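There are structures below to look over.
In what comes next, chain A is part of two complexes: it sits with chain B in the first one and with chain C in the second one.
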Partner chain A sequence: MLKLTDLSVRFRTRRGPVDAVRSVSLELGRGETLGVVGESGSGKSVTSYALMRILDRGGEIVAGDAVYGGVDLRRASERAMADIRGREISMIFQNPRAALNPIRTVGRQIEDVLRRHSRATAQTARRKAIKAMEAVRIQDAAARYHAYPFELSGGMCQRIVIAIALACDPKLLIADEPTTGLDITTQKAVMDLIAELIRERDMSAILITHDLGLAAQYCDRIAVMKDGEVVETGASADVFGAPAHAYTRKLVSATPRDGAQLRGLLPAEARKPPPARAALGAPILEVQELTKTFPGKAGPVHAVKGVSFDVRDGETVGLVGESGCGKSTTSAMIVRLLDPTSGRIVFKGEDLARRPAARFARDPLRAQIQMVFQDATDSLNPRHTSRQSIEEPLRRLSPLGARARSARIEELADLVGLPQPLLDRFPHQLSGGQKARVGIARAIALEPRFLILDEPTAALDVSIQAIVLNLLADLRAKLGMSYLFVSHDLHVVRLLCDRVVVMRAGEIVEQGAVEEVMRAPSDPYTQSLLDAAPRPPVALAAE
Partner chain B sequence: MSGRLRAISLRILQAVPVVIGVVVISFVLTRALPGDPAVYFAGPAADEASIAQIRKELGLDRSWPEQFAIYVGALLSGDLGKSLSTGQPVLSDLATRLPASLELTLVSLLLACAIAIPLGVLAATRPGSWIDHLCRILVTAGVSLPTFFTGVVLIYVFYYLLGFAPSPLGRLDFIYIAPPATTGFYLIDAAIVGDWSTWAAALRQLVLPATTLALFTLAPIARMTRAAMLSALSADFIRTARAAGLRGRTVLFAYAFRNALLPVVTTLGMVFSFMLGANVLVEKVFAWPGVGSYAVEALVVSDYAAVQGFVLAMALLFVALNLLIDLIYSLIDPRIGFSAQ
Partner chain C sequence: MTEAMHEPPRSRSTLDHALYVLRDNPVTLIAFAMFALLLFMALFGPLVAPYDPLASNTDVALKPPSAAHWFGTDNLGRDVFSRVLVAARLDLMISIAAVALSFIVGSVLGAAAGYWGGWIDTVLGRLLDTIMAFPLFVLAMGIVAALGNSVENIIYATAIINTPFYARLVRAEVNIRRNAGFAQAAKLAGNSDLRVLAFHIFPNALPPMMVQVSLNLGWSILNAAGLSFIGLGVRPPTAEWGVMVAEGANFIVSGEWWVALFPGLALMFAVFTFNLLGDGLRDIVDPRQRT
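Let's turn to the complex of A and B:
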């Protein structure tokens, strides 16, 4: 049905041509679902844009063929392509909220496609759009027809994007990271919906994802891409069960899953013995009945409704929950960026909640509690070199002179594994993993006792995530820090944490030793989180 | 809908403290200006006694709070005072001169938009092409040439050399009679009474000064349109629209352009306000009887009432303009509601 032969895509950039896709050959049969997996920059999205001919400016197909049902997609006229898009081949995208026109009602956006492909007239468009919304299981579609994207949840926006894609009954659906940025239970709902619709309508599909678990669960066949090339293709079970290519093996082993150990995520040659950890001490942080209420337009919003937990010296506690559950608000209060409405935050016997957040930057305890932020890129000043970023807390809060600071920065770079020459680079000149290291070096510069890690690996590829998680484990052992690890991914939490606290709607629903909670959750919500997580491919026989 | 009406009236109410503040500040500022109007009006031959007498006539011998109370009282009854230099009530001066400035400003703004917005859109859809370069050249030329210079060049070429344009002497050639004042805008007033020859004459007078101003204001509008279109076109939802096979025209206008309008409207508001202030030079060059030259003349001779009247009129105009822009925002972007707090 779809056949790519030696497809190559080149981008003209200021620094010369970049080959994003290098002679990729893929085949897709009728009714088949193909998973294209790979890390960022592997060319998996560009391949799909190329066959749709919606490449960004500067990108062009330089060699190879793309044939869909007898039509040469590379040589078809722009007019013919516009007819194919949306009617024969459709796409859904990541970040559904951004993928919709923010100032057009979702109903109108579905109508646009219907009318473009002559599936509806001005009179019938509205009825058909509502029908398309019902097809993607949107409750009360007639009322939602008038909604703007900002009025809908992320999962609902993705359903609209799917409705737009499927409105004209295409034969082939390309889903480009369709669930990235969605909560894990929403992810499951959206993926199940897509799978069901594909089956119902007997469509073929290409699922582009970085998540091996997702690909393994929903695809018949898998193509693994690396640096613009397909390194391995085969049936899902074969590719993940007995990966032939070294890169696939590396990806499979780096994916957090049941039964995996932290060191096991790394490639075999990089595995060192796990660091010895000191026994856990007395509680270093006690959170007692912490609440936070924000004033809202429609009455007060209770973001955090009385949570209590503690973290012992040297312990790592995971704080897990979906977006909006209050985990970020809780961590922002503990790190003293936000004042709690009530409750106590007892750190080393002192109640931090009494010290206003606005003045905490000058507090002697500031150095003791530090944070590693979620987005390694956005949390670094783009105009500061790594050295300046790491130096910032030292200059503000340590008595060190210029020379001593410089020595300390180099020591920190060694500690987090950041090569010294990179210290004088700017964030845009660093890779994601390197930026994460700078963020960690900055956070531990003042030798804090307590570190809050706010999804530090969420934006990283799995192989980089494996390295960063191991680095964090090593640093914990070496420096004797306690961590509060905020995450939505129970598999990742299990690898690093001793205990886990599960939050939902501002409340703690369950807490306990991480292995116990994972094995036998006492709360149905924890159970649903565990169920929703895609089953990563079975562990390698080699392990 | 009543919620929206209530929100709009709230928004108008918010403008009241601004207007009060402007009244106070314009009063204080004009008093703080150097120069004594009494000395000026008494003339060079005046002695101490006559200056004191004039000062008393003008009410300048009283304390500031007293003067302010008198000023506000008069203001409430619609009396802006009498201009010392023209001898006319300030209100009637403004009533004839403000429409002249507004007509010039609006026409040149329309002209600038008609050129700049399509140019910006075209430049954004074809970055690096000849139209993009043309846009850049026009923008650079527009901001770097001062208006009085462009004005003089235009007069030299089109009036003196080519003779296309009428003499640059005000709003209407002396052989025509101004249309009966309804709005004060000659183009509208002439159209109302159906006097098309006057209408054409007024338009001919307008062309050169409006072009001069438009050349200057074109730059920020074109630049902002191009930037806003570029960022709108690279947005994710454009890719969705293209992937759904929507036609180029739909993608460009219904999807990209409407999203790019917001910053463009913001720029229009800003441009309009600085045009009203900055067209003094153009008014001078073309002997345009506008409010800008009126204010400058009044300022030079410390004509309190006229300056205060001008500042107040401008402030009210700006408040109205901002209100209008806010309303346009909420029409363009559903995410911007009036927060009814």
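Let's turn to the complex of A and C:
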């Protein structure tokens, strides 16, 4: 049905041409779902843009063919392509909110597509749009027809995007990271829906994702891409059960999953014996009945409703929950960026909640509690080099002079594995993994006793995530820090944490030793989180 | 991770970067060359002017451009070329002082409003709206007329009408970065709110500010010249482009076009230079352009 032969895409940039896709050959049969898997920059999205002919400026197909149902997509006129897009081949994009027009009601946006491809007239459009919304299991579709995108949740927006994509009964659906940024339970609901619709309508689909588990669960065949080339294709079970290519093996082993150990995520040659850890000490942090209420337009919003837990010296506690559960608000209060409404934050016997966040910057305990932020890009000042970013806490909170600081920065760079020449680069000149290292180096510069890790690997590729998680484990052993690891991913939490606290809607629903909670969760919510996680590929023979 | 280690270490100083921007963009290069010419006129104009700009010589009144008087002479026999040259200093001084003043005041007000929000933001927002509700040139006329005809008062008036643009720009730029990760990280590093604002957030607003500064320099020159043209501000016989255009306008009908044309061209040249300069200035202060 779709056949790509030696497709190559090249981008012209300021620093010369870049080959984003290099002679990629793929085939897709009717009714088949193909997973295209690879890390960022592997060319998986560009391949799909190329066959839809929606490449960014400066990009062009320089070689190869793309044939869809007898139509040569590379040479078809722009007019013919406009008919093919939406009616024959449809696409679902990564960020549903960005894909929808913010100032048009969602019902209208479905109508637009129907009318564009002459699937409806002015009289029938509304009825058909509501039907399309019902097809993607939107409750009360007639009322939601009038909703604007900002009035709907992320999962609901993605359903609308799917409804738009499927409105004209395309034969081929391309889903480009359709669930990135959605909660894990929403991800499962959206993916199940897509799979069901594909089956119902006998469509073919291409699922582009960085998540091996997701691809394994929902695709018939998998193509693994690296640096613009397809390194391996085959049936899902084969690719993951017995990966032929070294890169696939590396990806499979780097994916957190049941039974995996932290060191097992790394490629075999990089595995060192796990560091020895000191025995856990007395509680270093006790959070007691912590609450936070924000004033809202429709009455007060109770973000955190009486949360209590403690972290012992040298211990790592995972704080898990979906977006909006209050885990970020809780961590912001503990790190003293936000004042709690009530409750106590006892750190080393002193109640920090009574010291206002606005004046905590000059508190003697400031250096002891630090944080690694979720988005490494956002958390580095774009005008500061790595050296300046790491130096900032040293300059403000340590007695070191300029020369001692410089030596300390170089020591920290070695500690986190950041090559020294990169110290003089700006954030935009660094890769995601390198930025994460700068953020970690800055957080540990003052040798804090307690470190909050706010989803430090959420924006990273799995192989980089494996390296960063291992780095954090090494640093914990070397420096004797305690961690509070905030995450939505129980599989990642399990690798690093001793205990886990599960939050939902501002309350703790369950806490306990991590293995116990994972094996036999006592709360149905924890169970649903565990169930929603895609089944990562089965363990490798290589281990 | 590893690919980075193979590359040679790259660290560029600001000067290297400025040269790179100039090389990369010929328009910026031209703009800077024109700016250099303006600066030369402002600094050395009185030294290189062939005649005394104020000395009248009725023997040669209203003579067209010639080898002796490149831009001709005015009704009092003063050399138009010398007067245009000498006027650059006064005009540039007025516009740079006015822009500097509005930059500083606007930045402080806008940064405070953007960072703390609340009543500061509300009060300031309405105040700026009030200023912008007036036709700005008429407001400037009113201020100069009320405070009195002097160069300082022209500067104050120009600064007041420009301040809202800076305040709004800085407010918006600071507001979107108020809760950025790097601002929070700066607080964790022991910076007080004021330091976070001044040393971490505000510098990130500089690139768009530079475009505004450069455009404003042009507007300010026009504004000062406009005020002088209608008789407010700089008074004859001082050499100033606006005054000279005003004086020369009387003679256009009788065919003596050069008296008004050359100061007018100088004015246009200055405004054009500053308009061209903006993009280049932004690229130089933005580290993200250093690839």
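Rule of thumb we're sticking to: the second predicted complex is superposed on the first by the 543 of 543 C-alpha atoms of A that agree within 3 Å, B and C clash if a C-alpha of one lies under 4 Å from a C-alpha of the other, contacts with A are read in each partner's own complex, and residues count from 1 in each chain.
Basically, contacts are C-beta pairs under 8 Å (C-beta built on N, C-alpha and C of every residue); 3 or more make two chains touch, one makes a residue touch a chain.
Values in this document were obtained by computation on a predicted structure and should not be read as measured data.
Once the two complexes are laid over each other on the shared chain, residue contacts for A:R116 go to chain B alone; chain C is not touched. Of the two partner chains, chain C is the only one that A:R383 touches; chain B does not reach it.
When the shared chain is aligned, chain C comes close enough to touch A:L422, but chain B does not. When both complexes are overlaid on chain A, the residue A:R277 reaches neither chain B nor chain C. In the superposed model, A:D375 makes contact with chain C only, not with chain B.
Of the two partner chains, neither chain B nor chain C is touched by A:K305. Within the superposed three-chain model, A:G86 lies in touch with chain B and out of touch with chain C [touch as defined at top]. Considering which of chain B and chain C touches more of chain A, the answer is C. Touching chain B in their complex are the following residues of chain A: 52, 54, 56-57, 82-87, 90-91, 93, 95, 98-104, 112-113, 116-117, 148, 150, 161, 164-165, 297. On chain C, the positions that touch chain A within their shared complex are 1, 4-5, 7-11, 180-182, 184-193, 200, 203-204, 287-288, 290-291.
Residues of chain B touching chain A in their complex: 127, 234-237, 239-248, 250, 254-255, 258-259, 332-335, 339, 341. Chain A contributes residues 14-15, 335, 337, 358, 361-362, 366-367, 370-371, 373-375, 378-384, 389, 392-393, 395-397, 417, 419, 421-422, 424-426, 428-431, 433-434, 439, 442-443, 464, 467 to its touches with chain C in the complex.
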